[in-house]
Amino acid sequence: MIIVMLSNASKAAIDRVQAEIVRMGSTPHLSQGKFRTVIGAVGEEGKVDESHLASLEGVEKVVPIMKPYKLASREFHEDDSVVEVGGGKSAFGAEVPRVKVGGVHAACIAGPCAVENQEMLQRIARHVRAGGAHILRGGVFKPRTSPYSFQGLGMEALKWMRQTGDDLGMPICVEVMDTRQVADMESYVDCFQIGARNMQNFDLLREVGKTRKAVLLKRGLSASVKEWLMSAEYVLSQGNRGVILCERGIKTFEDSIRYSLDVTSIPVLKQWSHLPIIVDPSHAAGKRDYVGALALAGMAAGAHGVIVEVHYCPSEAQCDGPQALLPETFKELMGQLRQIAAVLKKEFADVGETVAN
Amino acid sequence: MIIVMLSNASKAAIDRVQAEIVRMGSTPHLSQGKFRTVIGAVGEEGKVDESHLASLEGVEKVVPIMKPYKLASREFHEDDSVVEVGGGKSAFGAEVPRVKVGGVHAACIAGPCAVENQEMLQRIARHVRAGGAHILRGGVFKPRTSPYSFQGLGMEALKWMRQTGDDLGMPICVEVMDTRQVADMESYVDCFQIGARNMQNFDLLREVGKTRKAVLLKRGLSASVKEWLMSAEYVLSQGNRGVILCERGIKTFEDSIRYSLDVTSIPVLKQWSHLPIIVDPSHAAGKRDYVGALALAGMAAGAHGVIVEVHYCPSEAQCDGPQALLPETFKELMGQLRQIAAVLKKEFADVGETVAN
Amino acid sequence: MIIVMLSNASKAAIDRVQAEIVRMGSTPHLSQGKFRTVIGAVGEEGKVDESHLASLEGVEKVVPIMKPYKLASREFHEDDSVVEVGGGKSAFGAEVPRVKVGGVHAACIAGPCAVENQEMLQRIARHVRAGGAHILRGGVFKPRTSPYSFQGLGMEALKWMRQTGDDLGMPICVEVMDTRQVADMESYVDCFQIGARNMQNFDLLREVGKTRKAVLLKRGLSASVKEWLMSAEYVLSQGNRGVILCERGIKTFEDSIRYSLDVTSIPVLKQWSHLPIIVDPSHAAGKRDYVGALALAGMAAGAHGVIVEVHYCPSEAQCDGPQALLPETFKELMGQLRQIAAVLKKEFADVGETVAN
Amino acid sequence: MIIVMLSNASKAAIDRVQAEIVRMGSTPHLSQGKFRTVIGAVGEEGKVDESHLASLEGVEKVVPIMKPYKLASREFHEDDSVVEVGGGKSAFGAEVPRVKVGGVHAACIAGPCAVENQEMLQRIARHVRAGGAHILRGGVFKPRTSPYSFQGLGMEALKWMRQTGDDLGMPICVEVMDTRQVADMESYVDCFQIGARNMQNFDLLREVGKTRKAVLLKRGLSASVKEWLMSAEYVLSQGNRGVILCERGIKTFEDSIRYSLDVTSIPVLKQWSHLPIIVDPSHAAGKRDYVGALALAGMAAGAHGVIVEVHYCPSEAQCDGPQALLPETFKELMGQLRQIAAVLKKEFADVGETVAN
């Protein structure tokens, strides 16, 4: 930590800062320049309280040197983490395949935005399985900006998800919105999804951190990479190491596009953290015409996979129809994604023989 | 709702859109220009599903005309709402004063960032009461970006808040973070605070919407005014009409300041909605030197009050010390705020005789 | 300047950085912590090339400590600068009044967006003079986003501006867009305006810096405060000390408002720089209903005045009609601004006896 | 154009709007809903003045339907434009190769950030030519945020650029900053570069629009896609059809990365416009470690090429050293870019036999 003093800071103020650093168990290093005095407290950053030092008289600003996250950092875990989604027996007794995400392993998560009924779910699931998806997605609790919009079908729909995943040999990934849902959902899901608007719902992060299911953590709509990794740290700090990050587009000044998929975050994340990262081109684009280009861009930037929405009849979807890919487009996109992955020395597992539609 | 067709949309596509509008119970109005066809469905916007229409073939975009919020809108409630905080008996049997916020009534909420112990709370409370604050604030559950930071003292600290408020004749405003806390907190607080990071924690909004305590709803760090009002709508839709909005600074590209207090949102909100709005200059500024200027700017832009953090010894605060005002600065600021309020034809109630420190 | 080394930086890399600092004429201070090595080069920041050091092997990042601007800084000039607009004889021989902006002196610049004809200009000028404005504004070269929009009437209109200002006893402020216009305009204007989109047109900044007329420098639509002061530095570095900064709203994610007036920049600027700062509520708001609230907010945040657009018949204006205030609204606003200024211990000069409309 | 009336607009106000639309030569279409009246003027958008209508009494907002740009739009030119850079004889008499950008043709522009001396330029140029670059870049007038930074070597350096390009058989692309430079530069360059900070320097756009050299138009740091296309329209409207767009990263709230490369803009642009688009990963990243990932992401999103900075010894560069690629890294990257281009059905031309370093 570097403490920059105001140009007119008194000797007493400088002494006080040094004394506080000693009191906190660290060692101050004084650099007195012509115009400024700067005090370093580099050794044991964890012990030093940035906010406290910033409050002291004569301090202009405090510049942290160490990253505030630990378990999520490359320093803590040098190699890429590989997170496994699925494995073991499902609540209905089926063997759930184990899908790897991270390192050289890329994966595709696909399905409908929301589960609307069992028949529709099965139909879409067969399509995405046939197209090459590894994990089935589908919302049962929907975070909608309007209280008057469709809010999801809840636990019954979750059971359909489990059953459909079991039938097709796919682990399932389902969004959780409320701490009170975690316990009930835990026995059915293979991967909890935390939505962008809940990225800093700290109680929810802690609660899924206590489970041993994978956690797909979407980036908040205006979260910095550092804040995102701090949210991952909440999950990791509870003992759950199965965090997959998901870039889903950020808010910018651009008003003719829904969100901007921030591919720049991908190489940055990979330098700072060992956690796997996938992209969600559907929510970023908000419009099916743009989904393919963004999916390819994400993979080319180094992502470990994608999560996309697919519907055989988007105009019937109860939410986010405009961004759902048609099954045939999805299949073509998977072909291109495999080629891009190969350029980047990554690999999508083969999903085995396709299932009849 | 206005449906803009692509320049090359077929007659069949145009007919389909019109048929769908009829099916949803509304009436289409066709305008065929030289280059574009535009279809209006203005009458009964609520019935028409924007997302569905946007999914249809040949549609370029759908432009909503009506505001998506109802209960929060000026159309629903033409006059300014006046929200009352407090009133009735406290959990400890004291008579709680009733503080009005909205219309011509301005109020000041002040106190420590977090409650750290009972003695410190009482001391700060006496200071803010003496300085002219109407409502006491103090966090007992703290949303911290790091899982390793101080997370608040919980229910015990809430009881200290209640007791201190009762002793000084001040209603209390306390942040709630988790749906599971609402029931326990309801008997102690006069006003629930929803933090910026929880602005779209929809389950939490619904849960406080079921209580009959006032709700201070902070704006999300990158929420548009429309999204913010939609979150207010979640609370209102459960029957709770006591929503006070709070602008607390937004994220922008500026990297040398914490947040930018978005005063522009104030006249916009007052045109679109009847709900009262206050500003939080402390969290926007992040630095005590800027708090006064932002508080005054918020009032001058038309806010119904401020919420500020005060500490008699900021360098001892466990969180956000750098932004806490000293008691004497707070008192001076209140004097200037009263003058600005007078220019705007608003009034801060007199808090009566001051209490000994 | 602080150089933070990567956690795995070699001793050779650390030695190289120190050697380079010595070579540049500064002195390195080494702080070796448990996890990181940090090297300070605080003394003579000007001599040290940040970009060069950041390119060296083993360097994670370089944190500048000193501000990159000199002449614009409080350190260079501790007291508020007071800029004088006008004075001397006009090109047409009239005595031009001297208007002070900065320190305790506030001023109001008002007039039409664009000069459309001589009669309209005179009529609006009389209105704003009667309402209390000190300086007359009016565009003759208009920066329009579309090449097909009205681009201004050029030098002829500038002469009308000069004549009208002379007739009413008001200095004039006119936007310059191109380096080739500076010489011609210099003999007519009292204050050059640099538009937001030209804030980093460095050749233009240098060119007006060579004149001795005041320069109203608008903030770029997404310029940080630091970048803005660096642009001021371009003007100052040419010997022109008459820079007045103008906050005019910034781009944010908010899509239902044109720009957000960034009042937070005002106390920050006043801490970092001695230059006067005014606000432009008209361009920020884009809508006359919001102009008053933003003007008051800017003054309350500490601005030294406002620049506003006024038109007696906004629906006839060739540009930006929706944001022009009516003359009577302008007059009322000036009354409120004077009251706010008094609270802040600033003063708008009296414009003397009003002129007949 | 759609005019949305306020819910309480009078019949007189509605009649006035309709009369104005007729006066402007268009036809109003009235849609009277239960809550709102909406008036369409779809036919001849060009004739109708949005700003004027928005100023009329009773109008809530005006929603444009047509795009404001014409020559840049897909409607105007349905197929992808292919821009040719180079061709003809250079000022020094050499035959300049013709490089195609757009449609299936991808190209790579590479070279130093700034030209610092002739020897260094030649050395870097040989490297990028050997690595597969098609066009040579190099700055001779540098837009620097600080007036105290290196500002470029001017016309002499431009002649070195021309000579080096001629020697290696590469067209050259050089930034122009000031209208007064255009005439002198025109005889030497094959492609003018307009920097991000000059994207709305309208006089400069017009001036290069009058030449017949290609124009590489960088996106402003916070320009919307629409504003960017409007700037292209300025160039096109002067008769110059050789515009190549260049996405170079935008400003967002993220403070640990320089800019975010906005790949989302690529599919959007390609839907709205026929103009070719390339990406600049060097300026977006600001750090060489991220350049490769961003270049690949841009190509995968559909770009027609890249512009990158290369230096054989980045720590000696006078500007932007930290983002320059080493020659060997550049060569590897070109290999990967060719593979990505193949997946997208695009092709980088072969630059022929390599030149000795």
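Labels A, B, C and D are assigned to the chains in the order they are written; within every chain, residues are numbered from 1.
FYI, contacts are C-beta pairs under 8 Å (C-beta built on N, C-alpha and C of every residue); 3 or more make two chains touch, one makes a residue touch a chain.
Worth saying up front: this structure is predicted, and the values here are computed from it rather than measured.
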Name whichever of A-C and A-D has more C-beta pairs touching across its two chains.
A-D
Taking each chain's centre as the mean of its CA atoms, which one is farthest from the centre of chain C?
A
Can you check how far apart chain A and chain B are, centre to centre, with Cα atoms defining each centre and the answer in Å?
27
Nearest whole angstrom, what separates the Cα centre of chain A from the Cα centre of chain D?
32
Mind checking the centre-to-centre distance between chain A and chain C? Centres are C-alpha means, answer in whole Å.
41
Residues touching two or more other chains, restricted to chain C: which are they?
222, 251-253, 255
Residues on chain B engaged by chain C in the complex (per definition of touch)
222, 224-226, 249-257, 259-268, 271, 284-285, 289-290, 292-294, 296-302, 336, 339-340, 343-344
Going by the contact rule at the top, pick out the chain B residues touching chain D in the complex.
2, 4, 7, 29, 31-38, 40, 42-45, 63, 65-66, 75, 222, 251-253, 255
What residues of chain A sit close enough to touch chain B in their complex?
46, 51-52, 54-56, 68-69, 143-148, 177-180, 197-198, 200-204, 206, 221-222, 227, 230-231, 233-234, 237, 251, 314-317, 319-322, 324
